[in-house]
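The following blocks contain the structures, represented as structure tokens.
Both complexes below contain chain A, partnered by chain B and then by chain C.
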Partner chain A sequence: MSIYTLGIDIGSTASKCVMLCDGREIVAKSLIAVGAGTSGPQRAIAQVLEESGKSREDMAFSLATGYGRNSMRELADQQMSELSCHARGASFLFPDVHTVVDIGGQDVKVLQIENGVMTNFVMNDKCAAGTGRFLDVMARVLEVKVEDLGTLGAQSTKNISISSTCTVFAESEVISQLSMDTDKRDIINGIHHSVASRVAGLAHRVGVRDKVVMTGGVAQNTGVVKALEEELGHIIYTSPLTQYNGALGAALFAYQKYQKEHRD
Partner chain B sequence: MSIEVMLKEFAEASAHPYRLIKEYKAQGKKVIGVLPYYAPEELVYAAGMVPMGIWGSNSKTISMAKEYCATFYCTIAQLALEMLLDGTLDDLDGLITPTICDTLRPMSQNFRVAMEGKLPCIFLAHPQQRKPAFGLQFTMDQYQHIKAELEKISGEAITDDALRNAIKVYNRSRAARREFVKLAGEHPDVISAVNRSAVLRSAWFMLKDEHTAKVEALNEELKKLPVCNWKGKKVLTSGIICDNPKLLQIFDDNQIAIVADDVAHESRPIRVDAAETGDPMMALAQQFADQDYDVLLYDEFSNQNRRADFVVKQIKDSGAQGLVLFMQQFCDPEEMEYPYLKKALDEAGIPHIKLGVDQQMRDFGQASTAIQAFADVL
Partner chain C sequence: MAKEVSPGVLALRKVVEDVYADARKAHAEGRLVGWSSSKFPCELAAAFDLDVMYPENQAAGIAANRDGEIMCKAAEDLGFDNDICGYARISLAYAAGKRASRKVDFETGEYVINPASGKPLKDENGKVVIDPETGKPKKDPKTMQPYTVLDDIYEIEALPEGREKELRKAAIKPYRQMQMPQPDFVLCCNNICNCMTKWYENIARMRNIPLIMIDIPYNNTVDVHDTNVAYVRAQFDHAIHQLEELTGKKFDEKKFEEACANANRTASAWLRVCDYLQYKPAPYSGFDLFNHMADVVTARGRVAAAEAFELLEKDLAEAVKVGKTTTPFPEQYRVMFEGIPCWPKLPNLFKPLKEHGVNVTAVVYAPAFGFVYNNMDEMVRAYYKAPNSVCIEQGVSWREGICRDNKVDGVLVHYNRSCKPWSGYMAEMQRRFTEDLGVPCAGFDGDQADPRNFNEAQYETRVQGLVEAMEANKAAKEG
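Presenting the complex of A and B:
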């Protein structure tokens, strides 16, 4: 009989679910672009169940992670920190990973992995600089879609320096650059380097070793990935499942928990 | 009395210091506010008054104090001023303002100006060179000044006998708290992180003899308990202060025991006792000189990284698996010390996390994630 487990990652800006069969095969996944405290978690769960044709009762174990994990006590069997889940998800996708850089909506985390297990980590302080929120703010000021930042930044021809210390000050700098008719594409490239500089500073505190994997929504921004590669001096690997990485890790842990419960 | 009932009493005192001030005042006692760090509380006790520790607040928001403070002053100092301005501490009869860090030094003048004509503010400058004879003399001179100012408030002279008695009371309090810290580390199944904090925090608000009697009674009960087979994780905490019950609840929720601490609000000030014989004022000055391994105190051998080595040894001796550092926002001494502490921890292979904290924090989601992940790493 197949064992189905569900990983639910409730982030600050998105809700993601991954359903696994026997801890190996991804059966279905879902993503709703609103996170903790919204209808996102319920909708993400409903969507993943619908896509798979399964019901809640079919799930042998459900595990919630992410910023909103503690609001899922009735919907999940257990809660776990997203750092552990990201480490687990990245190790599943890239078995020889040693460093994971996860840039989410309001957090930046750098994880050190040894044999698939997280051995050390560092998180950003209470500051939006270097996070997905930083990019959201900048995209709004520049009147571009956040998903277009990567493509536009790649067309830059000139280096523009944007502050990496504070989102508010950086926003002022961007407005100042716009008022000087600086090309938006150059500003975007500067923003990507600003994020990369901030994240690299954090990464060096915990140490960077190949293979380096980037997860979280910001990993879809090729401009940030490229800028971070330059800052770190390491190739960075990403996956098409990058946004689902936390939920994937949660589903893997859910399978492990199920096995342990039934072994004990 | 059961352990549970005792812990409730500590929690009550810890949660309601302002109620205690009113109770002491109703008993006809005068109450002296004592700001951090290393104020000679014994002098207040010897004067027959109640020393009331003021370590900011976990429920107030800085508003009125902004008129006096730079934005980069730590919230402990700013919230202390806020409470003086908003009437919370109106019942105080005086205030001792130590000046051991770069925030408290200018803040002492803010307190003085803000409280002019309302509350006597007693300035205390500790010497940087506290160990040589001239440093001891400087400390003694400062303490004499505090003694004279306290005598003005109480209207009574502080005798040497009263001060010697106060030293005995405080030595006993420190010993009881040291023993409690050890016993709490041995029985995390009974003493949660939240309760541990309440026992230690309430010491700043209660008269020490009253507090000590309760701690000693609790210690006796803890000693009777069977050995605890703790299945969770064990950590040592470090920093200036970590007394927010919501933050500490995260430790309890994740089965993380605090088995020892290097916290300015908890164990740092109770490591060293004062001599109970001889000149009591010299005994207090010597006690301050004997304090060590604190980011707030000058270390002539700082190039040897002795403090960090001390913390590493504390971790090993206590059986902690890692260190949780509560980094008080805008605390220069702690921030500057951190790279040296990190270096020593990394060299010793001891994992740690640094949590940025501020007493105006109301949401601990990020801290919860970090603490839960840290438990997974240990």
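Presenting the complex of A and C:
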């Protein structure tokens, strides 16, 4: 009989679910673009169940992670930090990973991985610079879609430095560049390098070892990935499942917990 | 059921109460009361029978009593930047006469109760009573508190005698740290931090009182060089001369030697108490050590402090013998807590640690205040070494020593917005701990006194991450 497990990742800006069969095969996944404290978690769960044609009762074990994990005490069997879940998800997708850089809505984390498990980590301090929120704010000021930032930044022909490490001050710096008629594509490239430089500072604290994998929504931005590769001097691997990585890790842990419970 | 408190802990509490009570008495009788930084050589003041209070300990108490924010804001209104240490801001506001007070209704003379305060009311079965009108838990009236407002003792003193003056005087919060006498002189030794210099200069200028300063330069080497000892020794001699002028008394060698003997005895007992955290499981929570810090700081030159620590040592020996611990959960993981705790958020700090069975079994305060010496030059060398005045090699060695002795599984680092020198070198130290000890480390942002700099959700994620990394580490070691 197949064992189905559910991973629920409630982030600050999105709710994601991944359903696994026997801890190996992704049966279904869902993503709702609102996170903790909204209808997002419920909708993400409903969507993943609908897509798979399964019910909650079919789930052998559910595990919640992310910023809103503790609000899921009634819907999930257990909670784990997004740190371990990202480590596990990345190790599933890239078995020889040693460093994970995860840039989410309000967190940046760099994880050190040994044999598929997290051995150390470092997170950003109480500042939004270098996070997904930073890019959201900049995209709004530049009047472009956040998902277009990567393509636009790649067309840059001139290096522009966005030196401020504070989101609010960086926003003023971008506005002042716009008022000087600087090409938006160059500004975007400068923003990507600003994010990369901030994240690299964090990554060097725990040490960077190949293979380096980037996860989280910002990993879809090819401009940030490229800028970070330059900063770190390492090739960075990403997956099309990048946004689901935390939920995937949670579903994998759910399977492990189920097995342990039934073995004991 | 009330938590059982051991005789040693009760004795330690009394020692600190007495320090404050003695200073209030001295002030009321017109005798001099000084304010001192925590690692100024208290032995010098003791030679003159001076009553001395400790603003760092006071600020920690004010913050733990949830008045850190109102006092920090008061200092900011006076022009002090919010980047300055929270202890300094609280102390500067206090020196300026600012007080956290209870809101009074001047017509009735009653305190105005804050409806949002207090703990939930429980019925005879221990269940929370829900208010049918609001659907929310009812508050236990016995635990509800008045609104906190800011007042100013110099404004109060300027009022004409009468009802308002009396009510405002009485409304100042009654706990001991908010009732500390104003200073007649200040004693500053910047071994503990450099912010201290400007902090004490400001108090001296604000109150127009003498400042006795001992400057301890940052030490780049593990050993203290003889020329540095000579530099500080000369300052000790000068401080004695200044104290003679201030008090009109001669330096009393006998009292000085007595204070030195007491300080050594206290330090030795303190270190032995700290060593009990090496037991597995530990007979007490390392968080208890934070509370006992008050005694080492405010009373290490008093015989009563030495006796109280010796009593606590006996309590702990007995606890180990019968397998008792004050830690209210089974110890699954042992960590070193690096830095000063977030005093206004102590329960929030403790909650996820308790949830995951994490006991703090190492704190860097143990070696920082456990110093013993045999003569004046050794005393200088001892005072030369404080957490922020030693080089990184010494700092790492202190910490790794306690981590090994106290068998920690991980390190939890407080990146303290109030203490940038301390937090500044922690990233490098974390890297060394992981490399040398093979344990994971997690850092969180917070503040020792200003609650605005702490985020509970972020802290909980970091603690949970650390626990998961310690679990993985243990599993890997066990194969």
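The working rule: the second predicted complex is superposed on the first by the 263 of 264 C-alpha atoms of A that agree within 3 Å, B and C clash if a C-alpha of one lies under 4 Å from a C-alpha of the other, contacts with A are read in each partner's own complex, and residues count from 1 in each chain.
Definition applied: a contact is a pair of C-beta atoms (placed from the backbone, for glycine too) under 8 Å apart; a residue touches a chain by one contact, two chains touch by 3 or more.
What you are looking at is a predicted structure, and each value in this text was computed from that prediction instead of being measured.
In the three-chain model built by superposing on chain A, chain B clashes with chain C. Of the two partner chains, both chain B and chain C are touched by A:67. In the overlay built on the shared chain, the residue A:212 is in contact with neither chain B nor chain C. By the touch criterion defined above, A:195 reaches neither chain B nor chain C. With both structures placed on the common chain, the touch criterion links A:81 to chain B and to chain C. Contact with chain C, but none with chain B, is seen for A:115 once the two complexes are overlaid on the shared chain.
Touch counts on chain A: comparing chain C and chain B, the chain ahead is C.
Within the superposed three-chain model, A:27 lies out of touch with both chain B and chain C [touch as defined at top].
Chain A residues 67, 70, 80-84, 107, 118-121, 123, 125-126 lie at the interface with chain B in one structure and with chain C in the other.
Listed in rising order, the residues of chain C touching chain A in the complex are 415, 427, 430-431, 434, 440-443, 445, 453, 455, 457-458, 460-462, 464-465, 468-469, 472-473, 475-476.
Considering their complex, residues 351, 353, 356, 361, 365-366, 368-370, 372-374, 376-377 of chain B touch chain A.
The touching residues of chain A, counted against chain B in their complex, run 67, 70, 80-84, 107, 118-121, 123, 125-126.
Those residues of chain A that touch chain C in the complex are listed here as 67, 70, 80-84, 107, 114-115, 117-123, 125-126, 205-207.
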